[in-house]
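Listed next: structures, encoded as C-alpha cells.
Common to both upcoming complexes is subunit A, partnered first by subunit B, then by subunit C.
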Partner chain A sequence: MQEEKILSDEEIEILQEIMNISFGKSAADLADVIDTHVVLSVPFIRIMQVPELPTYFREHVKEYKTISIVEQKFWGRFKGDALLVFSSGAGRELINMLQHDTRPGFESDPIDILERETLMEVGNILIGACVGKLAELLRDVVTYTPPMVVVERDYSNAVTESRYDPDNTAIVLKTDFCFDEGDVSGFLFLITSNDSVTWMKEALRLFIEQYE
Partner chain B sequence: MIFNQIFDAINIGLVILDRDLKVQKWNRWMEVHSGIPEAKIIGSSIFETFPNLDNPKFHRSCKSVFSFGNFCFFSQKLHHYLFPFKSTSYFESLFEYMQQSCAIGPLRDENNVIQNLFIYVQDVTEVAVYEHKLVEMNLKDGLTGIFNRRYMDVKIREEFGRCKRYGGELSIIMFDIDFFKKVNDVYGHQCGDFILKSVSSRISSIIRNVDYLFRYGGEEFCCMLPETKLDGALQAADRFRTAIMEMESNFDNSIIKITVSLGVAGLDDCISSAETFIKKADEALYRAKREGRNRVMQMSLENA
Partner chain C sequence: MIRKILIVDDSPIARKMLKSCLPKDQGYEFFESGDGRDGFEKYKEITPDVTFMDLTMPIMTGYEAIEAIMGHDKNAVIIVVTADVQMKAIKRVMESGAYMVLKKPLKREDIQSALSRVKDTLQKV
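Take a look at the complex of A and B:
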C-alpha cells in the first residue's frame, strides 16, 4: 500500500516517458561512441521494498548460466546504484567487437584481466549514457564512482538485500539491451530510493510543465 | 587562487582539454614528468605531443565524457600508461615507462554544459612492480627460474581440459637427472644447484615458445608440449637427452657431465584425467631409469 504513495501512476508514466526519450538519445550517442548499435528496450519501472529486490533480481537473470556485473554508484540529486548485468560470454564478445589490439604487457597476464577491463569500459559507457541522459532531461548533474566488475559468476547471490537499507523503498528502472553485432545482451537496473523521491517528483512536474 | 595552488602542489598529474582536445591546463606535476612546460603545450592538440593517445579507446572515452558526462577510467593493468614518462622509481629495469592509473571526467561551465574535460594521472609504478613480483613468485621456481610445480598442476589440467573439449594434441615429457645424488655427494649441494640451473636453462633454450618447462620437484622436470603428437614429443625428448649429454658444466674448475632419463606421454582417448596423464609419463620415465638411464621411453599404450 505504501508503494502507491511513493510515486503516483501518473508520475510513473511520466518517468517512463522520460526514460524512453533519454534512452533513445543514449542509443544514438552510444552508436557514435562505441561504433556499434545498442538496442535498448522500453524501460520498465517497478517500485518495491528493498527485501524484495534479491528475488526480483534472480527472476530476471535466471536464464543465464553465469553473469558478469558492472556496478557503479551515481550521485547527484538523482542518486543510486546502477547494475549492468551481462549474459555469459559477453566479455569475450566485446573484446572482439572493440578490437583491443594491444595485449597487456606481461605474457602471464591472463585474458580475464582483459575481459574484466573491457566489461568495465563498456559498462561504464553504457551506464554513463543511460544515467547521464536521464539526469540531463531531469536537469540534474551526476557524478560516478569507478565501476566495479564481477566476471562470470553464478547469479544466485549477486544481489543481497544487506547491500541496501531494508527500510528503504527501491525504485527499480529496468531496461534490456542487446548489441547489434555479437551475442551480447543483458539488463540495466537503476536502483534508487526514497532519498531521491522528493526531488524526482519535482523534476517530473517541471518536465511536464514545459509541455503544458 | 587557492585552488590554483592545489592544482600545482598536488602529487598527481592534471590536464584540462577543451572539446577539440587542445590543452588548456597542464599542472606542475605534468611539467616535471614530461619535461614540457605548460606555456609550451597550452593551446596545442594533445595528439601533437602525445601521438600515442590518438587511438580508438582514447577517442571513445573523450566522446563519452563529452556526450554523457561520465568518467572513464584507464587502469594500469590494461593500459600501463597514458603518458609515456620515464619511470622515476628504482625499478626501471621492469618498466620502461611510469605505470599510471588515469581517469577522464567532465568539467561543466556555469550553465552545466560540458566545455572541458580533465585527465588525472597517478604514478602506480611501485605497486605494479610489487604485483608483478608476487605473481612471479607464485608461478616460478626460485632456484631455476622456470615454472614451479603449482603452476604445472594448473597449466596441465587447463590444457588437458581444453584438448578434451575442443580436440587437439598434447604431450608431456617427464625427465630426471641421472645419479643426481652422486653430484651432490661428490661436489656438494651448491654444485647440485648449479647443475639444476644449467639443465633448466639448456632445455629452456631448445624448447618452442609455446612449450612450458616446469620443475616438478627435486631433480625432476616436466615439459608440456601443446599441439604435439607422441611422435613429435619423442623426437623432442631425444633432443633434450642429446643436449644434456653433450653439455659440459664447469663448476669450480671441475668439468661435470651428466645425463637425463626421459618418459613421454601423448594424449589419447584412454587417458581420462590430467593426473593419469602425468602418471603415464612418470611410469615411462621409471622404465627409462630401470633400463639403464640416458634414454627416452614412451608410455605403455595398453590399458590406461
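Take a look at the complex of A and C:
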C-alpha cells in the first residue's frame, strides 16, 4: 500500500535496475582488489514504515546468527544509510583472501584489529562504489561519513529502530551476494527516507527519459 | 542479415532500455523473455538472429541459458548485456560461446556498433 503511494511500479523497477548496475560496479571494483568473483543476485526494493525495519532486517540475516556490519551514512540529494552485513566469520575469511597484502605492519596487527580493518576496507569499496554509481546515474553527488564497523554481533540486536525517525517511511534497496571462493556472503541494505522521494522521482524520470 | 532479435532480461525496464537503443528503421522483429529458461525455450521456438542476454536472473541465470543455447545451436549469436563486469564473469561467458559483452547502462552507440559487427560476421558465414 505504501509502495503505491510513494513510488509507482515503474519507478521501483527503474530503481531496481539502477541498483543492479551500481552493485555490479562495486563487485567489479572489489574483484580488482581480491582475486575472487562476487556472485550477484537480483536486487530488491521494499518500502516500509521505519518501525518495521528491525523485524525486516532480522528476517534476512537470522540464518547467520552472528553478523558483522559496516555502516556508512551518505548524503547529497540522495541521502541515507548503507549497511553492509557479512556472514559470521567473514572478517577472518577476508583476511585469508587478502594475505598477499604487503602494507607495513599489516601482518603484525592483532587479529581483531586486522579483522576490523579488513571489513572496513572491503565495506568501503562495496558501499562507496555502489552508492557513488547510484548517485551518478541519478545525477547526484554524495558525501560519506567514515565507515563504522561492528564485528561478530548477535543478529537479533544488531539493528534497532531507535536510530531512525519512527515517523519516516524507509525505502530499502537490498542486494545479497556471496563470493565464489571462501565462505563469505552477506547483504547490502541502502536505507533512504521519504525526505529523498520528491527528488528521487524526478531523478528516475530523467534517467529513463534517455531511453524513451 | 538481422531480422529477429530476442531480449532476455528479468527487468522489464532493462528490456525497454535496450529496445530504445536499437534502430527503429531496420524492421527488426522483437521477442522478449524474463528469465533464462523461458529465453532458451523462446530461442528454440523462433531461432533469433541475435540474442541479448542478461546474466543475473531468477529461475535460470544467463550463464546457464548461454550454455543451453550454445549446446542447442553452436552458431547462436549471443550478446551479453550485464551489470556484472567482473573479469571472471566476462571470461566465463566468452568461454561459453557468447559473441561479446556489453556493459550496463547501455549506450546507443555500443548497441549499434555491436549490431554492425554481427552483420559483418553473418555476411562472412
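Just so it is clear, the second predicted complex is superposed on the first by the 194 of 212 C-alpha atoms of A that agree within 3 Å, B and C clash if a C-alpha of one lies under 4 Å from a C-alpha of the other, contacts with A are read in each partner's own complex, and residues count from 1 in each chain.
The rule is simple: a residue touches a chain if its C-beta (ideal position, glycine included) is under 8 Å from a C-beta of that chain, and two chains touch if they have at least 3 such contacts.
Just so you know, these numbers come straight off a predicted model, no measurement behind them.
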> Taking the superposition as given, does A:Val42 touch the first partner, subunit B, the second, subunit C, both, or neither?
Replying inline: second
>> Output check: A:Ile208 vs subunit B and subunit C. Expected answer is one of first, second, both, neither. What do you get?
In response: second
> Is A:Ile14 touching the first partner subunit B, the second partner subunit C, both, or neither of them?
Replying inline: second
>> Quick one: is A:Val33 in contact with subunit B, with subunit C, with both, or with neither? Answer first, second, both or neither.
In response: first
>> For A:Pro147, using the defined touch cut-off, is the partner it touches subunit B, subunit C, both, or neither? Pick first, second, both or neither.
In response: first
>> Of the two partners subunit B and subunit C, which one touches more residues belonging to subunit A?
In response: B
> Hey, what residues of subunit A end up touching subunit B and subunit C alike?
Replying inline: none
> Which of the residues in subunit A come into contact with subunit C in the complex?
Replying inline: 10, 13-14, 16-17, 20-25, 27-28, 31, 37-38, 40-42, 137, 180, 208, 211-212
> Contact residues on subunit C for subunit A in the complex?
Replying inline: 10-14, 16-17, 20-21, 56-58, 82-89, 104-105
>> So in the complex, the part of subunit A that touches subunit B is made up of which residues?
In response: 26, 29, 32-35, 98-100, 104-106, 108-109, 113-114, 117, 120-121, 124-125, 127-129, 131-133, 135-136, 141-144, 146-147
>> Looking at the complex, which residues from subunit B come into contact with subunit A?
In response: 56-57, 60-61, 63-64, 67-73, 75, 77-78, 80, 103, 105, 108, 112, 132, 135-136, 139
